[in-house]
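Next, two complexes with subunit A in common: one pairs it with subunit B, the other with subunit C.
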Partner chain A sequence: MCISVLQLFYSFFKSLVGKDVVVELKNDLSICGTLHSVDQYLNIKLTDISVTDPEKYPHMLSVKNCFIRGSVVRYVQLPADEVDTQLLQDAARKEALQQKQ
Partner chain B sequence: MNYMPGTASLIDDIDKKHLVLLRDGRTLIGFLRSIDQFANLVFHQTVERIHVGKKFGDIPRGIFIVRGENVVLLGEIDVDKLCDNVLQQVSIEEILEEQRLQQQAKQKTEKAKKIASGHQNSDLTLDEEFYFNDSTAQDIMLTWDQALIPNTEDENMAI
Partner chain C sequence: SDCACTVLIGPLICVYCFDWTVDLTVCVQGTLKGFDQTINLILDESHERVFSSSQGVEQVVLGLYIVRGDNVAVIGEIDEDTDSSLDLGNIRAEPLNSIVH
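Up next, the complex of A and B:
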């Protein structure tokens, strides 16, 4: 039952490949970059990254691409115009109906 | 999984120099040699990099096997983008000393915060004090262990 909900967000993120996002991690690090790819665990690969918050994390200076483990993501910030909220709402409603059955 | 387009995969990162951030705050740099579906990693010629302010120090560590659950972030090091003008590399002894000073300063500010907010008991952490901070509880001040000991007669609780 939980698997189909994950599939929904996996598909949702796949549709956002190529867009610029900001990923906030559970250790409070925020990384801005272009979404390169995502997998079933919602691990995220970003290209052309930059650390958005004040550079308290100097070790990221020579890193251009990174892989972020899904389990450490707190938020993924997306520009509003990249997201079709109607479509997402409809998809979520369909999932909820399927789960009830 | 690796053959689906648009799927995040580490297979292309093998044999490249990488930086891994661990959940305990450590930074490891080395050549990624092996991966699996849990993001367990095998690092070769690993170096642990400690950053304090603008200085950093490298400690050679050899071969590392990192359990996937401890990985926060894995980044490919771009040799062209190396920024040696901002950061200054120092010796291992110096950076460990700097780190020790940083930890000391942190503990000092923690302690000052506690005194400033009027906490009396310094052997409890701030969280423990919050829980036990009422007059009745202070009479029967329990440690966390004492509060959580299960009923020994209950066999179901036996591990």
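Up next, the complex of A and C:
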């Protein structure tokens, strides 16, 4: 992914700091928590986490805050009412157009 | 603008790395001494927690480790109170799946 698109999503995630999200990793583990911070690599820090299936995944029982490397994220599930999808779509389109030039 | 890793230096953390050779995610605990942009880590006094579906959690002492950032999935900050109250001998779990890109 090129730099400016990453920048777009970096800005997007920055606007979601403080919201509750669920991060699904590429090894099928899903971690729910409050978005504390994000960086340019889309590494994510979550606070007050809980694993969505603690019976199956007791590995993180004593963890309250965690840092997730961006490269292992499959999905980030967002609260629908916190996202202006139209705005995001428009911004992404603008970005795509700028790249073509 | 590395966001979140800085706060993790010092306290006990557990790092979930993936082991390409065996199809699972390994959980290593230790004290984070340092890191860089690619999340290469210096982990002191580290030990591995081996989860099994048939027996309790086994701990293997490793010592001072450098972990290459490619292998890092999640870094969790361990709440020592919660951790010391865990009954490791009675925890059963399947090992975590490996990270598939």
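Heads up, the rule we're going with is that the second predicted complex is superposed on the first by the 99 of 101 C-alpha atoms of A that agree within 3 Å, B and C clash if a C-alpha of one lies under 4 Å from a C-alpha of the other, contacts with A are read in each partner's own complex, and residues count from 1 in each chain.
Methods note: contacts are C-beta pairs under 8 Å (C-beta built on N, C-alpha and C of every residue); 3 or more make two chains touch, one makes a residue touch a chain.
The shown structure was predicted, so the numbers you read here are calculated from the model rather than taken from an experiment.
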So, after the overlay on subunit A, do subunit B and subunit C clash or fit? They clash
Using the touch definition from the top, say if A:101 reaches subunit B (first), subunit C (second), both or neither. neither
When the two structures are overlaid on chain A, which partner does A:69 contact: first (subunit B), second (subunit C), both, or neither?
both
| task | Name the contact category of A:28: first (subunit B only), second (subunit C only), both, or neither. | result | second
| task | Could you tell me if A:17 is touching subunit B, subunit C, both of them or neither one (first, second, both, neither)? | result | first
**Asked** So, A:40: does it touch subunit B (first), subunit C (second), both, or neither?
**Response** both
So, A:59: does it touch subunit B (first), subunit C (second), both, or neither?
-> both
Tell me which partner A:86 touches in the superposition: subunit B (first), subunit C (second), both or neither. neither
Overlap of subunit B and subunit C contacts on subunit A, residues 25, 27, 29, 31, 36-40, 43-45, 49, 58-69, 71-72
The residues of subunit A that touch subunit C in their complex are 25-29, 31, 36-41, 43-45, 49, 56-69, 71-72
Within the complex, subunit A is touched by subunit C residues 1-5, 8, 14, 16, 18, 25, 27, 37, 39, 49, 51, 69-70, 72-80, 82-83, 86, 91, 93-94, 96-101
Subunit B residues touching subunit A in their complex are 1, 6-10, 13, 19, 21, 23, 25, 27, 39, 49, 51, 54, 56, 68-69, 71-79, 81-83, 86-87
Seen from subunit A, its contact residues with subunit B in the complex are 14, 17, 25, 27, 29, 31, 36-40, 43-45, 49, 58-69, 71-72
